[in-house]
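Note that the chains are named A, B, C and D in the order they appear, and that numbering of residues resets to 1 at the start of each chain.
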Amino acid sequence: MAKNDPIPQPIKPSMSLAEKLTSLPKFYLYIILIFFSSAPLFINVTVPNKPLESSIDLYATLMSVKPGETVLVASDWTNSTRGESWGQFNSVMRILMRRGVNVVLYSTGDAQAPRVAQDSIAKLNKERLAKGEPEYKRWENFVSVGFFSSGEAATNGMATNVKATFAGRKDFAPGRGLTDVYESPILKGREKIENFPLLIVITGSKTSNITVERLSGKVPIAFTVTGVMGPETGNFYQSGQIVGFASGLKGLYDLEGLMENGVNVPGKDGQIVIKSEKYPKIDGFPGQPNAGQGSRYYPTLHFAVALLILAVIIGNVGMFLARKGAK
Amino acid sequence: MLIAEAVGQQYRETGWFGVLFTAILVTFILINIRRAKGGKDLYIRRIAGLNAIDEAVGRATEMGRPVLMVPGLSDTVNAIAVQAVNIFAYVSRLAARFANPILLCCYNAAVYTLAQEVIRDVYQEEGLLDRYDPDSVRFVSDRQFAFAAGVSGLILREQTAATFFLGEFYAEALIFAETANSIGAIQVASSTEATQTPFFIAACDYVLIGDEFYAASAYLTRQPVLVGSLVGQDWCKLLVLGSILLGTLVNTSYVQSRTTKSWDDEKAEYGDVSERQNSAKQSIVQQLATPLLSKMPVERPLDPNAPVEDK
Amino acid sequence: MSYDAIKVTLGVLATVGLYSVLYKENRFYRFFEHLFLGLAAGWTLVVIWVENLKGPWWDLMVGVAPEKPTDPIGNGNWALILLLPLGLMGYMVFSKKHNWMSRIPIGIILGLWSGQQIQIWYNTYGKQIAGTAQPIWPTTWSSLTVPDYAKSGLTGDALANAKSQVYLSQAVSNFLFLITVVCVLSYFLFSFDAKTKLVRSASSMGRYLLMIGFGAIFGSTVLMRFTLLIDRMYFIWIEWLQQTILQR
Amino acid sequence: MNLILQSKTVNFWAQPYGSSTLWAYLFGALIFGILVFVGLMFMPAQFRRPVVAFCTFIAGAYWVLLYAWPAPIDLQPNELPQGPVEGVGAWLKDANPVVVGMTGIITAFMLGLGIFSLLSIHLRKIRRQQRDWPFSVVLLVSMVAMVSFGYADYFSRQGPDGTKLDLQANWGLANYGRDLLFDGLLQQMDAAMFSVIAFYILSAAYRAFRIRSVEATILLSTALLVMLSLMGAVAYISEQTINGLVSSTGNDFFLNFTLTEVAGWVRRTFETSSLRGIAFGVGIGALAMGLRIWLSLEKSGGNA
């Protein structure tokens, strides 16, 4: 498609309007983009929004896990997808923490993922302590199994026997230092994947596909994925291999909205904020710190995308003018 | 199934249907490889992106600038990387004949090993081993964006005239493509990740979509084995198509009969009518696709020296 | 200047350095590019032991010391040592005479990968085949689209019945879905002479349908990429300038 | 059949930790491995291809068997498999965790080759003072620094009191060094490079998204539709207008034509399906390629 495109040259005064429009120098575009994606960060806007079905399914699934249960969380993101994944991770963890659900963290995506996840949990804990809520304790509430260099391998191993796959993995137990994760109370009697009520994959990489290939049908799987993974994940969602997912910033914004407003819960004005035929009333966490990356970045995104669309329009207008000129 | 009965329904867990289906696919491929080996010449349709390879290398030679190749970002050496390296072997062969410098950037040490081995062989076979510089096949980084930074740096500094991005590409795809485009290099690209293909389409001159990538080596080398396998793949695709169409007919008629059943039959069958909406969705085809996970009690001797499980 | 301030500032410098390539390839970029590559390689050398060899190989091979006396003694599977010479065969690639040996470890890795392809194929695509085979003929003409059950006021059997129906809109969507898969798949039929009219029209149709798919992917991906840029901008303007430098 | 099996009980293949027998066996196995290594070096040329083919086949055969062989249903850890059929099935299942680790381990051993490539290129640059050689120095220095701090940090975290390093207050030089190099620089550069794509998307879209051909037009219009639908504000406005239309006409049929609905419908109906079409093709391609490699049918490495 790009075959016959001119490589944009700096504008020469002699150029006709059409030429100018079809060959804006890249660098100018870049400067404008930087402006458009920075300026709105300083102004506080809220955007009206309607959550996608998949996001509602994800929220409902998270809210359906019983307190005291232990869920698997595959945290496969690092700072390179911080923009989306960090917020998604925070929202998911906030829900689980508030509902007193225990978490087993493992990663197949990136060697840094476990550390990044733990840092985020530390931040969330600060927030909890500040609000006078109990700390979400390592070992008693969550253990970190660490990173598996071959995701395909580990996931496949988990399909047959989780305990065998996690064999030799250690985490910090208070007073005992590094201790075999399976000695943690939250992993008691959970040796097979079937013993876990839910597996949540928070990923910025392809590990999600592997998970579905190996584990679908053995345990309910939910995803939060980056926007780019959206379509593929939708594929699994549509064919019922996963129970729900949030994709990209939109999914995150949905999730934060759902946490604030719940599902089929009447808001202050008595109007139900988020309707769903699929579910009865699901409570939210009104008033609590639900707003995160989603609420901050989503409005800004609108400006950036607007710029993109504008650029495309300009290019096409220029092309048409050029054609006219040719005739 | 015979085996299933012989071993006490143990296929309940794996689902004999899946095994059978896969077996058929495998047979199709093997049969056709045999046919092709038997000297039956088989037709392959034109694939535009691949005809461009010669043009690209030729142009690079005219300009006396290097050809850059990236065999994707596979975590370890897998068939995708092998396929890419196979295509690059063809490219290097041309480049070697024209005495054109090449650059092959690897993301993974195992792939790097394979590439070294293969590309050197190519120069050897061409009797041009003196022209081969081991550093032309190099390991850049096995960290996605460090690799991206490194390769785009190379593209800009070496002013490559032709670039080939074939294999597993993720987000970094567009970084390569736009960088190469900005210096006017002619690009042939393909990602087995469908999600990256649109970006290649936007920024590259020729793009192999999805399966065309796997067809490439057959198309270029015309090895009977590869051509045969390609035909076999087509048979497999037809089988998939067939099953989809058949399944659609079955499901359609099934749902028709299910939903037009009288309520009494319904109650007799399901007790609770509200079951119906599920059962209507749970069509026969779905049941075949998702093997039963029902456990059956099996009498087994106990392991004397079994570890005491903390239960 | 506090440690965190230095840390954030370095991060900003690096970011700007890498961005500078957008203007043109320059020494500033080159510096950070090489720094990046160096750090990445260094980190890999750390991870290779910490993550890839220590646990999965060394500990399994020599066993692990019991944490507390009550623990069973961890056994060592000494046979795993054989993987070492196997891996080292890869290094023969630089030998003129024995370079063929590098194909053995590669062969084993490839063998494992290939076997897995056969193992996972149906598990991956079986359900998708079934999922594609949806009813394409409505079971009721009572409503063209799926009715709003909440408003319909139906209950019990009647509601269940209503929900179990396939409505025209669903049937049409399912049909289009089916057609798309069929056309796209037939676009990837390589060995059939495109002269046969059916195949030709189907596959060219397939190409157009592909473009719809690609367009949609592009659309959804764009948002994600911009998000990352915005996140960077947040890092530079808010986390660095506002919170670190201006201390607001 | 206990080979490579993670058994808790001592047997020929699994010796107790720290025991002299274990070390003896380890040493013996290593010697054996080296002998095999040397033996292969004297392998006559005509046997080379078969050897490689054999190794490849065995490796692949494991997964094929694991899939095709009937799996023992619900076999408890304290039960013995009944009969040979179950025996093999059980063994295949048990061996799984070890086999899946192999790829990673072998690949890890090969990393040295990659590092060797890096070093050879940049050391030569420095030796011969070729263009940009100072940058090669930067690369090597940063690499060494990262390795030393990385390991120092790792070892400082071992042992019972490693937990205290979760608090920055207890950090030493090693921990600060690693944190600065890794969190401060490496991670940030990852994010920076990733976000550069946004700029390239803008320029690529501006350049390539022209209503030039049917295909380009389809691509462009779908992209726009989806982008707009994902922008909450736009979607919301479209919804309001539709709602207005509904309330004015009293026909809620229009509700199906909000931007979100339409875009969602397009994605469900066309995007998902075309992706699936590609996936089937690619999947079969991978299967065939895998088959050819597994059975060594293909002349590997394209040397036709």
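In this section, a contact is a pair of C-beta atoms (placed from the backbone, for glycine too) under 8 Å apart; a residue touches a chain by one contact, two chains touch by 3 or more.
Nothing here was measured: the structure is a model prediction, and the numbers come from that model.
Colleague: What are the chains that chain A and chain D both touch?
Modeller: Touching chain A and chain D alike, sorted by label: B, C.
Colleague: Could you tell me which chain lies farthest from chain B when each chain's centre is the average position of its Cα atoms?
Modeller: A
Colleague: By CA centroids, point me to the most central chain in this structure.
Modeller: Of all chains shown, the one whose C-alpha centre lies nearest the global C-alpha mean is C.
Colleague: With contacts defined as at the top, give the pair, A-B or B-D, that has more of them.
Modeller: Output for the comparison: B-D.
Colleague: Please compute the C-alpha centroid of chain A, do the same for chain B, then give the distance between them in whole Å.
Modeller: Distance between chain centres, rounded to whole Å: 27 Å.
Colleague: Compute the distance, rounded to whole Å, between the mean C-alpha positions of chain B and chain D.
Modeller: Each chain reduced to its C-alpha mean, chain B and chain D end up 15 Å apart.
Colleague: Between chain B and chain C, what's the gap in Å when you average each chain's C-alpha atoms?
Modeller: Whole-Å distance between the two chain centres: 14.
Colleague: Send over the residues of chain C in touch with two or more other chains.
Modeller: Each of 18, 21-22, 30, 32-33, 36-37, 39-41, 43-44, 50, 52, 56, 60, 64, 72, 74, 90, 93, 103, 105, 109-110, 113-114, 116-118, 121, 123-125, 127-132, 148, 178, 181-182, 185, 188, 210, 213-218, 220-223, 225-226, 228-229, 231-232 in chain C touches at least two other chains.
Colleague: Would you mind listing the residues of chain B that make contact with two or more other chains?
Modeller: If we look for residues of chain B contacting two or more partner chains, we find 19, 22, 25-26, 75-77, 79, 82, 110, 113-114, 117, 134, 142-146, 149, 157, 171, 181, 194-195, 198-199, 201-203, 209-211, 215, 230, 233, 237, 240, 290, 307, 309.
Colleague: By residue number and range, which residues of chain A touch two or more other chains?
Modeller: 1-2, 26, 30, 33, 37, 80-83, 149-150, 152, 156, 176, 191, 228, 231-232, 235, 238, 248, 250, 301, 304-305, 308
Colleague: Name the graph shape formed by the protein chains and their touching pairs; answer line, ring, star, complete or other.
Modeller: Drawn as a graph, the chains make a fully connected set, so complete.
Colleague: In the complex formed with chain A, which residues of chain B make contact?
Modeller: Contact set of chain B toward chain A: 75-76, 144-145, 170-171, 181-182, 184, 193-195, 201-205, 290, 293, 309-311.
Colleague: Going by the contact rule set out above, which residues of chain D touch chain B in the complex?
Modeller: Spelled out, the residues of chain D in touch with chain B are 8-9, 67-68, 70-82, 85-86, 89, 103-104, 106-107, 110-115, 117-118, 120-121, 124, 132, 186, 189-190, 193-194, 196-197, 200-201, 203-205, 207-209, 219, 223, 275, 278-282, 284-293, 297-304.
Colleague: Taking the complex as given, what residues does chain C use to touch chain A?
Modeller: 22-23, 43, 47, 50-52, 55-56, 59-60, 64, 67, 74, 116, 120, 123-124, 127-128, 130-131, 148-150, 213, 216-217, 220-234, 236-238
Colleague: Which residues of chain B touch chain C in their complex?
Modeller: Where chain B meets chain C, its residues are 15, 17-19, 21-22, 25-26, 42-45, 47, 76-79, 82, 110, 113-114, 116-117, 120, 134, 140-143, 145-146, 149-150, 152-153, 156-157, 171, 194-195, 197-199, 201-202, 209-212, 215, 219, 230-231, 233-234, 237-238, 240-241, 243-248, 250-252, 254-256, 258-260, 263, 273-277, 280, 283, 285-286, 288-290, 307.
Colleague: Considering the complex alone, what residue numbers of chain A touch chain D?
Modeller: For chain A paired with chain D, touching residues are 1-2, 5, 8, 24, 26, 29-30, 33, 37, 47-50, 52, 78-83, 112, 116, 118, 122, 149-150, 152-154, 156-157, 160-161, 164-165, 167, 172, 174-178, 191, 231-232, 234-235, 238, 248, 250, 253, 298, 301-302, 304-305, 307-309, 311-312, 314-316, 319.
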